[in-house]
Structure formats: C-alpha cells, structure tokens
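In the two complexes that follow, chain A is the common piece, with chain B as its partner first and chain C second.
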Partner chain A sequence: MEKELPRHADLVDERLVYWHFMAALIFMGASMLGGLLMALQLLRLNPFSGIELLSPGRWRMIHTNAIAYGFIANAFLGGLQWIVPRLTLHKVYNPKIPGLNIGLSWAIFWAWQLVVTATAVGLLLGQAQAVEWGETPIWIDPVAQLGLLLVAINYIPPIAKVEGPLYVSLWYFLAAFVWTFLTYAMGNFMPQYFVTGTAAGAVGGLFIHDLVGLFVTPLGWGLMYYFVPILLKKPIWSHGLSLVGFWGLAFFYPLQGIHHFLYTPIPMFLQYGAVISTIALELVVASVIFNFHATLRGSTGALTTNLPIRWFYSGMFYYFLTCLQCAFQVTLTFQQLIHFSDWVVGHAHMVMFGVFIMWQLGMMTYLIPRLLKTPWYSQRLLEWHYWLSFVGIGLMSFDLIILGIFQGLSWSSLLPWEHSLDLSIPFWAVRTVAGLLMIAGYLVFVVNVVQTYLTSRPAPQKAAVATA
Partner chain B sequence: MNPAINQPSRTSRAQVLTTIGFALLILVPSVLGFANKFREFILLSRGEVDGVFAITPVVNYLLASLGFFCLFFWAIYHGMFRDIEAPKFTMLENERKLDEEE
Partner chain C sequence: MLESKVGVLFIAGIGFFGLAFLSNALVPALMYRDLPEQTVEQLLRNNGNLRFQFEDLARRFPDSFTAAYGHPPEGAAEREKWLDTWSQHALQLGHDVYVGEACWHCHSQFVRPVSNEDRRFGPVSKTEEYQNVLQRPVLFGTRRVGPDLSREGGRRSNDWHAVHFFKPTILSIGSPMPEYPWLFNGAADKPNAKGLALITYVQWLGSWLESYPYYEDYQPSPIHGLAEKGKDQK
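Now for the complex of A and B:
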C-alpha cells in the first residue's frame, strides 16, 4: 500500500516564507540605494558631502551588508522554510519560545531583521568592525552567532529524520548550516580576539571567500537542485554526479580564501595552495554545470516559456563566466595586473547579483504567486524585471572588469595615480547607468508584488458576504 | 503519472562513466593536494619560525576537512550512496503528490 504523505499546509508555514521574501526585498532597496550613492560619489556627485553620518565609507558597508545579510540570507531562509519540509516530509523543528508565544521559526525571522537593522544603524554610527565582510559591529556578533545556531537547530532535525539516502539539496543544506555557523565565528571572533597581524589577514581571507563558498554557494546549489527538476518536471540528469560536486566543494573550498592575499607576507606555500585549490574547484563547478545542462537537454524551450527557469539558467551562465574568470584571476601572473583594481569589484557583482540573487529572484518569481494563491499581476512587468536585471548586471560587470585591466595597465606603467582616476570616470558613469537599470528592474518587481498582493485580497463586499 | 518521473532508478552507462570521470578528476588532485598540505604542515611545525603564523588557516582547513572526512565515511556505512539515483525520482514523486493535495 502506498504510504500517505503529510499535507503541504501542515508542513509549510507559507506566511513566514512570504514575509522572509518581503523583508529581503526591503533590504535589497536599502542596498541598492547605498550602491547608487557610492556610484555617485565616484562621479564626484555626492549628495551628502560633508555629513559624517552619511559618509561614503559607511553607506558602502550598508550596501554590502544589506545585500548579504538582509537580502540573500532572508531569501534563503524563506526558501528553506518551503523546501526543507517538502523534501524531508517533516515539519521544521519550530518549538514554542517560552514567554514569547511564537515558534522558533518566527523568532528567527524577527531576530534576523533586528540583527540586520542594528547592523545598518551601527555602521551609520561608525561602529564597524575592522574585518572585510564582517563589518557587523562587535556587539551584534554574538546575537548573529546565536541566530545562526538557532537556524541550525530549527532545520537540521527534519533532515536528520529522513530515512535512506538523502537528496543532494539536503546534503548541501546540512553542510551550509554547519559551515555558516563556523565561518561566521572564524571570521568575526578570531581576528578580533585571538589572532593578529598576518595570521589575522589569512583568517580574513578565508572568511571572505568562505562566506561565498560555504554559506551562499551550498544554499544556492541546494535551491537549484530542488527547483530546476520540479519546474522542468524531470529529474536531475545524474544524482551521482551532483554528489561528486557536493563532496568536491566540501574538500576543496575551505583553503582557497587566501587567494585574496597573493603577494602578501603569508607563506608562499599557502598562497600556491589557494591558487591550486581554486583552479581545482573549477572542475567541481564544471561537473555541476554539466549536470544542469544535461538536465535541460530536450527542454530548452523552457528558457523562453518559463521565467523562473530563465532566471536560474541565466544565473548559471554568469556562474560559469565568473568561475572561469576566477581560475585566471587567482594566478600570480594575472594578479600582477588586476590586484586592487575594479576588475575585482566587477567580479564580486557578477557573483553576488548575477548568480545568487538571480537564482533567488527566480525562486521568488515562482513562489510568490503560489504563496498568494494569485497569478502575477503582470507578466510584462516580470519580463521587464528580468531583462533590466540581466542587462544591468551584465553591463556593470563587464564595464568594471574592462576598467580593471585599464587601471592595472596604468599602474604598472607607473603613470601618475590621477591618470588612472581620469580614465576611470567614463567607466564609472556607465556603471551608474547599469545600476540605474537594475534599480528600475527592482522597482518594477516591487510594483508587481504589491499589485499581486492587492489582487489576492478579497474585495470588501466579497469578504463581507463570505463572513456572513 | 508523469512518465519522466516513472523511470527505473537504474543508472545509465553514460552517467556512470561521466560520474567516475569527474570523480577521478576531482578526487585524485584533491587527495594529492591534501597530502601536500599535510606534509607542509608537518615541516612547518618542526621549526620554520617565520611561517608559524600560517598554522591558523591550516588547522582550520584540517579540522573542517576532518569533519567532512568522518561524515563521508558515515554516509558510506549508512548506505547513502547505495542506489545513488533513487532520491531524484523519490523527490519528484513526492512533489507531485504534495501538489495534488494542495
């Protein structure tokens, strides 16, 4: 006899998924505003010149922190709230919090918004911690660490209850809960309290890259391995190959962060090790990309007819580009040219927005109408959102990558520093235009979400009739 | 039922060869790299004073990798890689049923 499954409504708290997505979109607005102000600053058009509270260095940190911890983390938490119960067929742990009358999942939601908002306020007040990507003020670090522990406590139990082999997404999620907790602790506490000097630099390098590779990447691939098969209505081409990708990531990733600190006093064998493991990781990336393209074979029409699939595979296109770029840029020879240049900024934008945010926006495009039980208000606005984002991030990344080469050539020719600034201005103007395209895409999406929400609400007369 | 989902969970020859190919390509250099790191770590701990501060990241890496090494063997002994393609069919079938009941 066929085993009866629990009901979706008993497994997933849809309101929580929705509110995580809304919080993510609010923080994305804050991040984009910070990015725009920074772009204007580079063009010498700073609208807040002379106001210490709104100085460019501070809003730049809000730009990066709001996107990483505000948008990306919230979108992942919303996604996990949907995916983990459906894949495991068990509810998330979610015990009641004594005295608060809410479950752990909602407690995590409110605590996380508090952490991100407090981070933004702390940064504006000039309390940043002197760790790149770990600028969260030191008094928030223990709260954020506790939040990550609670996330692990909430989501690991349903995965642990699964009998038999785990689906690859669950492997990625399981690892991400452990890795994120450890990575945050390593990056925020070790350089602050335990190690100093070059060792702290080495740990900082590990932290920067492990945030991408051990927090964002496993959760991102977990999402992809879940959503792509269900949208294409066919299984992933090879589950075995997907596991090779997972274990490859587990063993290769942890030591490559030092490639951020080539030509520093860190011992050369560590620098070489980081370079080799980065290049080796490209094989892992190749296995994952190969698997997804083999899955798409025979269903390429979905790229034009299914918008979430288009977001996912566009993200994968940028993922391939950015990883290929990575294999070159970590070599010592290449670093001589591009180190400290805008090449790195272009690369970072392509990774964070072009890959992971595009996957998350694809996820939202698919899930929001399901959560609201209403079709999208406008398909045309969805298309505008996609194209403005896709073209905007492409233009911004390539503009900054090319600028990085010019800057490197200018510096290596020992021309005056001002020469590199003068040649950068037109590129920075193009970057501002690209950013405005992305902001327009974001606004279009927000309008569509609001209108869809309004459509989903019953009209007052209908609601009164239903109540009567 | 969707015919794409209702497939026997047997692995095709192409999938086996591709998986083995990628596995060798990834795991062999990984093991070599790991062994090399470990050799360097031992040499370092024997007294190269200038490089002692490098122990922090190396120890981080060793601890993280050790955890995953243990997890890997735990997974093998608990049959996580037996019938390796089965979870992808089960997952899709469960999704279909959940959607039907929604």
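Now for the complex of A and C:
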C-alpha cells in the first residue's frame, strides 16, 4: 500500500470524546442521588419526605433514565467517537450543520444532553410515560428518536466505507445503530398510540429487553472486542466463536421480550417461546465468555497490573453470573417465586452496573489520561474507585437477589403484606450501604478526573501519546 | 455474508429484529384485534360501583369536591350527566397521577395464576380487563414493594385512602410508601382535585368485577356464632 495511514489527530475529535465522558459522569451523579433517595425511602429514612419535587417515585425514574440515557449512552457515544474512526480509518460523517457553526457530532452531543435533561425535568414535573425504561415524556420521544437517527447517520458512513469483511466490533456497532433506532421507536410509540392492554404489555416487555440486549449489549461487546486485544496485545482467541457470539445474540436476544411478563394474560405459547430462546442464548453467552477468557490465557497477570483490563474482565465475570442467573430465573418455576421481588432488581443492577458500566468505567480509565495527555492524578484513587465499585455492586446484587427469594416465600405463603416489608428492612439497609460504597467510588473517581484535568491545564500540550 | 455490511445490516439488524417483532409483538396484537378498546366513557357506563364511590367522595369531602368540580346542576338528568362527566375526568386524571408519581413501579396490576395470588388478591387477571385506554401503555408493573392494586377498588374506604395518601404511616405503621401531601390542601380531609382523582382511580381498579370488593381469603370469625350472624345480615 502506497497510501499513508491517516493520523489519529485528524480522525478523532478528542474534546468530544472527553466531553461525552464528562456529561456521562454528571448524569451518573444524578442517577445515584435518585437511587439513594429511593433506598432511604424504603428504609423510612427519607429526609425530604413530603416535598413534591423530591418525590421518591419520580426520582426512581430519574435514577433509571439518567443511567441508561445519560451515563450509558453518553459513554458509548464518546467511545464510538474514539473507536469507529480508528478502526475504519475514516472520519465520522460529521457534516456541518447549516446555520450553526458546529458539525453533526457536536450537534448530537448537545441534542442528547438536552434530551436527557428535558427527560429529567419532565419526570420531576410528573409527566412520565408509563413505559418502564422509557418514561421519557411523550413530547420528548420524537426528539430522542431523531437523535438516534442522527447517530446512525453520523457513524454508519465510515463503517460503510470499509472494504471487505468487517472487524467484530463493527458488526456489533452497525447492528446496534439499526436496533437502537427500531427499539426506541417500537417501545415508545407502539404502546402509546397503536396497541393497548395485553399486546402493549408484550411490546413493553420486548422494549425493556431489547434496550438492554440490542442497544447496550452490542455496543458493550463492541468495546470489548476493540479494547481487550489492544490492551493484551494479542488477537481474540477464536474468530469462529466471535461469529457464534454475534449471530447467536442477533437471533436469540430479540425473541425473548415476553419473558418479562410471564404468567400475564399474554398467550402461553408466546411465553414458552420466550423462555426457550432465553435459555438458548445462555449457551451463546457462554461461548463469548469462553472466547475472552481463552484470550486472557497466558496474560492473567494483566488483571493485577492493568486496571482497564481488570475492569473489563470483572464486568465479564458479572456478565457470566447474571446470564447464568437469567437461565434459571426465566423458567416458570423460578418465576412463581421471584417475580415482582427484589431478585429482579438485584439482577438489573448486576447487568447494568456490574457489566456495562464497569466496562465503560474501564474504558474511561484507559482513555481519559490519553485525552488529557496527562497521567492519572492518582493511581491509588483509581484502585479505590475500582474496589469500591466492584465490592459495592457485588454486595448489592447478592443482597437483593437473596432478599427476593425471601419476599417471594413470604407472599406465596399468604402472610400479611407487612411481613414481607419487615423482613426486607435489614436487606434494604445492606443495599443502602452497598449503594453508598458505589457512590463513594464515584466521588473518588470524579475527584481524580478533576485533579487530572487541572494538572493537564497549565502544561502546554505534548505530542500525542495515544497513537498506539 | 456473516461478516459483511449487508449481512449485518439487513439480516441481523433489520431481519432478526423484524422476526422477533412479528412473533413477540404483532402476534398478540393480531390475536386481540377483535377485542375493542374501551374509552373512559365506555368504562364508566353502568359502572355502579365507581359511581357510588364518586358520590361518596362528594359526601365525605364536600368542600374539596365543590372546589374541584363546582356545584351540581339542578334536575336529575342534568345531575347524572354532570356526575358522568366529572367521574370520567377524575378517572383519567387519577390515572395520570398514578403514572406520573410512579405508583406503578411499586404496585403491580395483574394477578397471576400461581403462588396463591388469587387467594391473596382476587380473580386472576384476564386479557379483556386491559383492553381500555387507561391501559395504554399497560400498567402491569414489574415490582411489588406494595401489594397488587388491580383488585383494590372497594377494599378500603375513601377516607382510608385519603389518610393513607396523605401519610401512609398513620394507617400502616412503618410503611415505606412515600407521602403525597401535595395531593391535599394541608390536611388529610382536604384532598385537592388530583387527590380526589387518584382516589377515584384506585377505587375503579377491579370495580368491573362481580366479586368486587374482594381481597385476601375471607376468614370466618373465630368467635363462635359471629360468622353465622354476619351471614344472616347480608
């Protein structure tokens, strides 16, 4: 090849990556406050009882929306802005927006912050839409939908320019752009305008499910397939297993939506279908996890020396646990006991924080010093961040999962409702402590980022270090 | 194919999504397409239970009621119509408050055929019960911090609900349910328009059932003879 490879500085808008990460961290703070408020409410320790704008129910919705659309989406957008141009060697599309002095990438940035902030404000004003994980008030939905379209328009062109077969990460990204757009449209508009009742329940289940499975999961694995080989300096162990993982996920994941509403009036044969495809997916998941661990073989030392790698593999550890849990919890037998209980809440936290947020925090740990061209202010604080998060989420999930079993037993044995509440209190106390650990980890990280930023300021920019 | 743009975009991206959409969303939608979706007006037509509760609100909280809805017109027919209109209005508003306050994140609205739920809550839920605008989007719920509410109507009095929404711990010691004083004008016996609406909504839940009101298994009183007496009085 005669042509010189394009340079990193020409490909990646590093400031945008950085600011997506900062926006993500701000929303994570909001989300954690919401979670803390609800945790205190359950312990009857809510210091703001009776204040309308601090209603725990409303803040519970901010908790989930801020993490999904504020943190996770922003972190992914930052990651995409870094990875896609570097993998494809083409800039993202990023046309100038007529009338504004910015390109599409920055327009998406601002539009997205606006969407998430407006969602939070709408929720606080009591305008929620009755779609779990899609409570975004209905007047914001079209704007968010447009945002997702713009994301696809911005990031698909560089991928489209690649000649020949695509690298694994790009399969996941490409599919995720399509899936996220379709999922959002289905979940937010169908049950609002087109179908009612039981059928809307089926759509709602599919939405909750696809949001995790077709938006967060593929983008998350895309990150892993990109960063893990780079950090370990070796290729993924088996390309064949990567293929199994992607196509297995693509086929089985979307078929499972109804497993969120087992034993509802949704027809039983559909429920069985969802259960079976869920169990099938566990095999696929096992193949992916196996592939990554086989890649790690011979480099396990990296787990102690390389912090981003530790974040990534800890996430995979939790991924394996949640998916294993899922294979059991999806069965009708388990559902009888644990549906409606804190088991499910434990599961959700383990997936969202234990897996995807861990991966994204690992990515930030790796990228932020490269973006700021400054080493981390403190390695020690980084370690604290990791351990507080890892222990916090583990404790919270196990605590809630066990609690769920007790709650289910209490309900089905027809004890008075208060019994299930009384037995929950100690567990809810532990979950609050676990949450506080995670919040402490978050604060430590924020301090570290701010300090690193401040150190990066006065010094003149050095030559790019991140061209590896 | 498996690693190409076209394959990923069209087979995985659009094709598999479409397949799942067909089987998981369109099949149930088509199966129930002949069950008409009821409007609020249709829901309340001939619902004596709900009408009773709404008039009961007028009797118990006369000042609040007048403040929210004004005075009923003269004449029986006009009055009927007036009550119809406002009870529909209250039901819709109550639903909106229920959604906006995220009550549905702590209370489910479906009774499963397992785990003794029909003994605790009442008849197992059926599809027909959800074919109405107030279940758009459906309020099945996924978590029960508090009990299922789909058979709540008639189980408690309006007074009870008012006090409970104002400050749950007054009635249910140690309840983790949040307080909602902004649905009141300063006191539990002064619900505002939203408060009245929410009570109406909660009383509506299950009001369409023959077994209304119905909750945990009826236990005859252990005091000898009392249960028999109770039966005679019915």
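Note that the second predicted complex is superposed on the first by the 455 of 468 C-alpha atoms of A that agree within 3 Å, B and C clash if a C-alpha of one lies under 4 Å from a C-alpha of the other, contacts with A are read in each partner's own complex, and residues count from 1 in each chain.
The definition used in the following text is that a residue touches a chain if its C-beta (ideal position, glycine included) is under 8 Å from a C-beta of that chain, and two chains touch if they have at least 3 such contacts.
Remember, it's a predicted structure, so these values are computed and weren't measured experimentally.
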Item checked: Three-chain arrangement built on chain A, chain B and chain C clash or fit -> clash
Next item on the list: With the two complexes superposed on chain A, say which partner A:290 touches: chain B (first), chain C (second), both, or neither.
Entry: first
Next item on the list: Using the touch definition from the top, say if A:89 reaches chain B (first), chain C (second), both or neither.
Entry: first
Next item on the list: Name the contact category of A:263: first (chain B only), second (chain C only), both, or neither.
Entry: second
Checklist line | Which superposed partner A:131 touches (first chain B, second chain C, both, neither) | finding: second
Margin query: Under the stated touch criterion, which partner chain does A:233 make contact with: chain B (first), chain C (second), both, or neither?
Written below: first
Margin query: In the overlaid three-chain picture, which partner chain does A:241 touch, first (chain B) or second (chain C), both, or neither?
Written below: first
Check: With the two structures laid over each other on chain A, which partner does A:202 touch: chain B (first), chain C (second), both, or neither?
Finding: both
Next item on the list: Using the touch definition from the top, say if A:186 reaches chain B (first), chain C (second), both or neither.
Entry: both
Item checked: Partner touching more residues of chain A, whether chain B or chain C -> C
Next item on the list: Using the superposition on chain A described above, determine whether A:58 touches chain B (first), chain C (second), both, or neither.
Entry: second
Next item on the list: Could you point to the stretch of chain C, among 4-12, 40-48 or 58-66, that collides with chain B in the superposition?
Entry: 4-12
Next item on the list: Mind sorting out which residues of chain A both chain B and chain C touch, each in its own complex?
Entry: 165-166, 175, 178-179, 182, 186, 190, 195, 197-199, 202-203, 205-206, 243, 247, 250-251, 254-255, 257-258, 266-267, 270, 273
Check: In the complex formed with chain C, which residues of chain A make contact?
Finding: 41-44, 46, 49-50, 52, 55-58, 60-61, 126-132, 135, 159-160, 162, 165-166, 170-171, 174-175, 177-179, 182-183, 186, 190-192, 194-206, 208, 210, 214, 243, 246-247, 250-251, 254-258, 260-261, 263-267, 270, 273-274, 335-337, 339-341, 344-345, 408, 411-414, 417-418, 421-422
Next item on the list: Over in the complex, which chain B residues touch chain A? Could you list them?
Entry: 2, 4-5, 7, 11, 15-16, 18-19, 22-23, 25-27, 29-30, 33-34, 36-37, 40, 44, 50-51, 53-54, 56-58, 60-61, 64-65, 67-68, 72, 79-92, 94-95, 97-99, 101-102
Next item on the list: Note which residues of chain C are touching chain A in the complex, please.
Entry: 2-5, 8-9, 11-14, 16-17, 19-21, 23-25, 27-29, 31-32, 35, 37, 97, 99-106, 108, 110, 112-117, 119-120, 125-127, 129-133, 135-147, 169, 172, 174-176, 178-182, 216-217
Next item on the list: In the complex, go through chain A and note every residue touching chain B.
Entry: 5, 7-9, 11, 86-87, 89, 164-168, 175, 178-179, 182, 186, 190, 195, 197-199, 202-203, 205-206, 226, 229-230, 233-241, 243-244, 247-248, 250-252, 254-255, 257-258, 266-267, 269-270, 273, 276-277, 280, 283-284, 286-287, 290
